[in-house]
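Same chain, two partners: subunit A is paired with subunit B first, then with subunit C.
Right, the complex of A and B next:
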């Protein structure tokens, strides 16, 4: 089997993106939505979807202009070699730091809910090595893994939604339209940060077996995640309460804990749900590390591109150990995503696109 | 090649042994699963400067540890089906440490079925809030655990011997999970729902577990869960009778399978409410807001004895009965409204309804809501009764 030169199908790409976007941010999303927009927080993903389409347009337009290429070749071409390499280097650092903070939050959550006595480094390293084992086989393996994992993640989620939807108190969503418009925009921006995995396409976009379908793949994934977010926030508000959601670190976890399965057949069901959530986080971490390793391999022209996967493990590990507590890791994650996330999602692709058009670089884009 | 395969198979076979966990592996037999928890404030407590902070007996907490061998009918060395341990401690966490010193097992709260809170604890808002914070902050107990107020000492509940189910926690679980039970004389409350209501409005009601302090012999076999304890800003402010709770549930639209009795042609007629919905509407007038509670009630006539040959299926008869039922239901709702105004606590959720549907009106009246607005606000009730059937007899 060949590694790192295989393609992923449209279906695999959609599933991969959906799973990668379904990460730790989902657990804290109702808190952010409630704090910023109050009872109208469930509307934020709708506006967030509109913002997400801008990200998709910027990234796919850039990749369409340079078919078969990724950021590692586009940036040096458009921005001159050394500036481009610096930008790509920053991109890799951003991926690794983002993965590290996400991993830390995940480990804190696992420590609190599932394994309180297991040391955090053990939890983090186990996931990192498992991710490394997957990504060393290339994107094709990631795609096939995603096709299996999606059922384990979303089937229980749909079950939870069904259980909560039946008995929930929808009055918790009232009153409507009381949030300030500025607040809604800020909130929608933060919600759109859940679409962060779109930046992986800057490197892996050319690995799609039908690159022309990239935009529809992205729109599909972002659309589905937006719908899931609306439902998740609304159900968290109705199940846990809007005010309570803003005071909880992981209100979705609290929602899962408050569900009563009929006949008390199963208790502590939130543990099962967190187990399945782990798979989604695993796909995100794998995706980030894969893209980082592939970028480095391409930059230094390694013959075997999976050589760089293992050395990334200690780097991500040390980044994840930087925050000294749960509160700090939460702050780091929210601030990092909020302040840095937009750069590679929208600003850089837009700048590259504009410069490429001005300098007449890249293939013709047929509108 | 075969050697590599063999090694791979051996590794895969060894892997499940590691799935038991290293740091977090626990023997089930080493755990005492607490099924019910009764928490009281230690009323005899006075700060003792000679003791450390964590040795101050602020709480009296009773833990019921069942013996599952005896419960399931198998042989067991335990004397009784349950063991009750009481601890006096400064906090919930220190009480757990104390209990684990006195028991061969460690304690697990993952299957708590009921949480009983004593009257003195409920009257101390700071301690009550600290109790709930301790239980929910570390997810010690699940948010879907039933919460009950005890009109006395919560520890008394551990002395009750019930003939149906010896473990009170399991009794409460079955009691609350029984969907066929009528919802009329007490309002089920869960830990999570209580926290939600307290943070939304600062008002909540807990079902009351009645204990007769004077006659412990009389208590045996009798379990009475009815009425409500009104909690305002985490402090017990009063009790509701079961009729007052029924009024509250009627306003909230939650009454199910509840009988309504009226007199029709000198005979008692029982109407069984199957389903009930209510809408609260408001109107802003120069004199202040007015409130209209519109209720739609669906049910059937379940009992009526007549010797005069009255035919219940006649249109005229049905309309007369509907009118009588509507008046009776209005009276029942009025009981709850009167109590709410008498206590000056909006446990009916009328202010919350105004906030949800008319936020601007609420912003106008919120500052003086309990001071004057709620007291003076006229509340009208409109009831639409639907008699779905009159039984198999005319």
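Right, the complex of A and C next:
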């Protein structure tokens, strides 16, 4: 078993989801939004939210049908044992690959802003071991940590927003409604990939102390993140410029560098601000590793479920070292999330839900 | 295999003791047999006083008294027991009929004290003697008597040394368990305050009192305390520190997971919140469980002074506790990795102050921090005035000399001094010790990885604290899981809300006992502020103006 009882409160679940969604993708979001939808990029999260509700519907409906269960038991039930196990195996691989690419992007950012001389593997390994330390204590510890970390992450963010709002050039948001609807939809789809941590719920959804409120938890978290995304994209466009945003790899980082605190004791304060961002990335990496570890433990019926956390460290490490350069890691991350992410976020839950209904499987039938 | 056998073999078992060192000898009816056994058990114990006395002369009852010299109050033995036996012999022997068990007879006619009881086991008799009571063996009875005569030299109640206050009671716990339970009971005159006694230590047989408010505490918590106290069999317990380390949740953590306090008022208020106190004989520190990180920042005085001032003080405590472990590390990180963060003038000034210093900054800090730890340790061990002299010599003379000799930079002295002061501003010594240890970890990790290292260290620390629990309560509560008690526990965290707003007990208390403050004429919780009732007019308060007042 993990050290403590394995359940989280509604509040903890909301905060966990928010922090996990607030990951590296946020730093590159204005670039993607600007490239696809131009000046209308800031509207993408609104449509993205609508798409997100579809993911939420698919996942929560599936879990509602199989109360107290996760993908590890649902998939073998619905798709027959071996196909189900293969699907669950792919799910674990997807989580680890996603975490690895995310980690690589994060390490690149740290290397650029904080530690230019330190080798990437060292940066990556330190974070991985820190993540392993947290997840070996189980989801309860993750939930508690999230409740504390949220202040560290969002307090500087609010400060940034306040400082940027003063000097923004709102003309950067004009003209409005120039993007083609097709482009807007594609853009919204990419933006909705920031809701990727919803896929963690396929395993952890049953760990809520009030599983009936899972849908409202998800809607709440996705709603908050969508609002933050709208503000972040809009402020990056107005602070850095829409065209510049599309040319920068991390336009949000450029936005932070542009802030000058009058009379401040500290210069180059983007270092401080990025520091707090690290905590959010950490929560995402921890989340992915925890879910992967828990899934493996359940599949092989380990009594002590946290024994699988440590072996994941080298696996994620080697995955993160696959891209050969910063540009390649960016491409890998965006393509992987865009092309594979949707499968576990929407397609698989939907297929399982339909098949379960057709085969009269699941709790509702017995009710 | 060998190892298992070794572990299982009772180490202290012999003909007269079991593996828990309890005496297995029976209490015999024959007084001679009991005397023989007692003499064997207390062989070479010259401090034990043993005497055989006959009660009466017509039909004499042989008794044998045993006590330890210096541990008893001889007045009780002589005035309330022996004198009555002598009076009986001399004056009124024929008046008492010997028609009931002899022990009953002695209790009824020869003991002028309430605190006398029958005992059926030799182990209990001997244990009573070793605890300062007097054991009376009676011929022809397989029961003995124990008279409470404890009276060893004790230290008087004095002000707590580690938790001094400007405003508040000055009495602190002492080494005598009964004094300590009394100090708490004086503050809670309620029959619901329960004091359960137990002993721990096969050889020390240390008395331990478990105190709780019967109707406020969660029964599961008391049960958990009982279970954990019984978990280990240990030979001796000489301070509550032993118990603390045996009952805590995580032995790997440097953070204290129980609260040790010298203040009876703190224990009393904790009991009222639904916590459990563990009082250990021979220790002036009482353990309170469960505890949280937040409770280490709560000093007794916080509740005796105005809420605005004490809220400010509490915020200050949180800031300084952060500085106490983080400041040297952050300084190193900025100096070595991110000097561009500093304004140019400051960066130049820092660089100038380090001109000519041969040692790397990390070594400077480690040397200074270690020197400070040495001074602190030396100051504690040495007598008061010498300790102060060491502080002056070490802190000022050596510090100045080291700067003049270009061994360390002045900035390092400032950093270490601020860190030291910050350390002592935290109300709890156990927490301070944890932060002192953490400081070195942060120094090393920041020296290696700059602010990234600092952040990773902070994440590691938060992860550790998030995983900690104290008797089922998250260590970070109420900052985490604060919703469990409707966020009301936040009223006693960084901001200490006014007393009238702290109207509900915290999460530890039973659900139906949450109300702490209500208006006297109401049954419901109130948040009505003190002062004149808003419905009253100025005239009501001052009274009707009298004629001529104008």
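Observations, loosely collected:
Here is the rule we go by: the second predicted complex is superposed on the first by the 357 of 367 C-alpha atoms of A that agree within 3 Å, B and C clash if a C-alpha of one lies under 4 Å from a C-alpha of the other, contacts with A are read in each partner's own complex, and residues count from 1 in each chain.
Basically, a residue touches a chain if its C-beta (ideal position, glycine included) is under 8 Å from a C-beta of that chain, and two chains touch if they have at least 3 such contacts.
Just so you know, these numbers come straight off a predicted model, no measurement behind them.
When both complexes are overlaid on chain A, the residue A:249 reaches neither subunit B nor subunit C. Judged by the touch definition given at the top, the superposed model places A:118 against both subunit B and subunit C. In the overlay built on the shared chain, the residue A:307 is in contact with neither subunit B nor subunit C.
Number of subunit A residues touched is higher for C, counting subunit B against subunit C. Of the two partner chains placed by the overlay, neither subunit B nor subunit C lies in contact with A:186. Within the superposed three-chain model, A:175 lies in touch with subunit B and out of touch with subunit C [touch as defined at top]. When the shared chain is aligned, subunit C comes close enough to touch A:275, but subunit B does not. Of the two partner chains, neither subunit B nor subunit C is touched by A:340. Comparing which residues of subunit A touch subunit B with which touch subunit C, the overlap comprises 114-115, 118, 122, 267-268. Those residues of subunit A that touch subunit C in the shared complex are 3-4, 9-12, 110, 114-115, 118, 122-123, 126-127, 130, 133-134, 137, 141-145, 147-149, 265-269, 271-272, 275, 278-279, 282. Subunit A makes touch with subunit B in their complex at residues 112-119, 122, 171, 174-175, 178, 240-244, 247, 254, 257-260, 263-264, 267-268. The part of subunit B that touches subunit A in the complex is made up of residues 21-24, 110-111, 139, 142-144, 173, 177, 190, 192, 195-196, 199-200, 355-357, 359. Subunit C meets subunit A in the complex at residues 337-338, 340-343, 346, 449-456, 459-460, 462-464, 466-467, 469, 474, 476, 479-484.
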